[in-house]
């Protein structure tokens, strides 16, 4: 069985990776103590102010969702009870038609 | 029939029912006693369930005829491996939910704990029922108790959620009763084993009956065209009840499995194609909607919808590749563990902050890092990161779908990425951008269940063979011949 | 409500109660039993509550006592179930229930009546109080 | 046959009311009509023309069972009626709360939960 051994193998590999990663983190913290005024961010040669760096948490993925038009599904959940019940009925009828077709 | 095995887990239902009455009687005079009654009765239920688990492992299927009437006429109570595994999980998480509620619920305890006991009665009863009508009655008990629990806070959100959930859910359970009427007209019996013998495959009514049943139980399990109630209901209810709603979904999943395997014994591959289609829609819609939430309970509700989609994906694949059923059962166990862990972490946060909005939580309260790490472990288990239990079951799902249809594997991986995205969002808002000065300690009754569930996540992650063995034991005994034979005492 | 309704309700109440009890006690011999009897008894209480002021009725029949009675009857039903399970008895035996005392069918009918009646009365109380 | 047609009509009327009417009390009435349709369907399954009530007045079970109506659907319908009663009562209590909080019974005005 593949499924019985591979997870254990991969799990141990990941454990080693995490251990090494944690070790590196510890070492690098000791070597480079960061100071607050040293941190400056550059993008395309321009310096970015600190207030523009933080993403507003509320709209973390809003750009992606708007670009991919994924908010259509959210707009359907309008809080209108009749539309929910109609969806249940429609789903039921379509399912029954499908079952009658394939049974 | 020889010597009979006592079915202990059925007494768990009676004890929980008695505790509901006792809470109502004693609690009117002394409100403080109510949580102790609930904790004691759920713990007793857990112990009794574990006793039956031992019996089922030894004997495969345990039955009981209530009142001594023989099988097709009396009420039969059946425990086979599928139901006992889910029953054990439900009893365990129910006990933990009672512990978490101990500090969470501070007012109107009598109302809360009476309804809590009743909702546990409903879920356990669905898992025990050996005939269609008791299944329906227990689903109604579960539903009515949950309507009142959703309206517990008596504010705008709770009341709106409750009335909407009530209307939708009563319609869906009405469809279940309609299909039971059709089945009774067709076969003249209600016992599941008897129906399986008498139903045949020829009648033209069968697709209608099955469509009605799948709608009704799919509503309980929150499959996608019927999922609109779940985020509203979870948002209205107190936070520990979110975990109970996950268990209620699992009861719906169990009912669908029971219909597929025992009552109808469906071998038609096209029906499984429909299940795969529904499950893909469930996964994607749940994950995409969870991305856009700002309320932690709503986000977790959509996350649990998405995870139920994974269970049904594995289940639908099962007809094409034998390992799918194993993956479905294993993932069901894991979903119960990590989803309830997430809901309990959310309960701690909401208990501290007094609001379920993620932004308000991050501004108003700060807990010890143990909570953050527990939440992270729960989320990473939901994503399916190695060393945690979600990975083990999702790995089997990926492998089996890869054999059948690689497109499904890509979708499953994509939804995992989306899961990571909303997990990062919730973690980032609530723990990393925390700007509060108010420090609070986690109550010990909330910390212990969370730590036990974290330990379970890690244990099943580094030792998945245990879960696979349990699931294979379930799958081996799924065939309805064993079930029917045991019910009729052959 | 006016005087006619009030007086009629007061006179009718014992008879409605008696009819409900009759239906219950004969439940194992004729059509009837726990649920119909309980509904009839609850109808009597509902008539009183609607005809008179709710606070005056609650002076005599307090809501808490209904809740107590309901829970005790629930325990009674559970006790009968436990009795049946532990002694492997069939509590609704056909042969015994045909007698005038009705075996164990009679107590289960009585408990059922109390459950149904008290539940309905509590519901009426809480809806009117709102 | 008439009973089946009547029950199907009740089902359709109930479903129509459930979807089309905005008033909450009318929705609950639609729900009751819907369940009544199911109950009539279930009762008429066990009906037998000219049958007697399923009562054991003496022990001649075999004679009676040939001419009596089927008692099982009646028991089921009784249980289901009780369930519907409790659902309706609870819905009415919640509707009182809805009116207190929102000041309206129109379901379309209840839109604080979305997305």
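So that you can tell them apart, the chains are marked A, B, C and D in the order they are listed, and the count of residues begins at 1 in each.
Here, a residue touches a chain if its C-beta (ideal position, glycine included) is under 8 Å from a C-beta of that chain, and two chains touch if they have at least 3 such contacts.
Computed from a prediction, not measured in an experiment: that's the story for all the values here.
Put simply, the chain nearest the middle, going by average C-alpha positions, is B.
Centres computed as Cα averages put subunit A at a distance of 45 Å from subunit D.
Note: centroid distance subunit B to subunit C, computed from Cα atoms, is 36 Å. The distance from the centre of subunit B to the centre of subunit D, each centre being the mean of the chain's C-alpha atoms, comes to 28 Å. Distance between subunit C and subunit D, defined via averaged C-alpha coordinates, is recorded as 23 Å. Looking at subunit B, residues 164, 167, 171, 231, 289, 292 sit in touch with two or more other chains. Looking at subunit D, residues 15, 18, 27, 86, 97, 107, 110, 112-113, 115 sit in touch with two or more other chains.
Counting partner chains per residue, subunit C has no residue touching two or more of them. If you check each pair of chains against the touch rule, the ones that pass are A-B, A-D, B-C, B-D, C-D.
Within the complex formed with subunit D, the subunit B residues making contact are 133, 137, 140, 144, 147-148, 151, 154-157, 159-164, 166-167, 170-171, 174, 177-178, 180-181, 184-185, 190, 231-232, 235, 289, 292-293.
Residue ranges of subunit D in contact with subunit C, taken from their complex: 53, 55-56, 58-59, 78, 82, 86, 89, 92-93, 96-97.
Those residues of subunit C lying in contact with subunit D across their complex are 30-31, 35, 94-95, 98, 116, 119, 123, 126-127, 130.
Across the complex, subunit B is touched by residues 11, 15, 18, 24, 27-28, 31, 34-35, 38, 41-42, 45, 72-73, 76, 79-80, 83, 86-87, 90-91, 94-95, 97-98, 101-102, 107, 110, 112-113, 115 of subunit D. Against subunit B, the residues of subunit C that register as touching in their complex are 64, 67-68, 70-72, 74-75, 78, 81-82, 84-85, 88-92.
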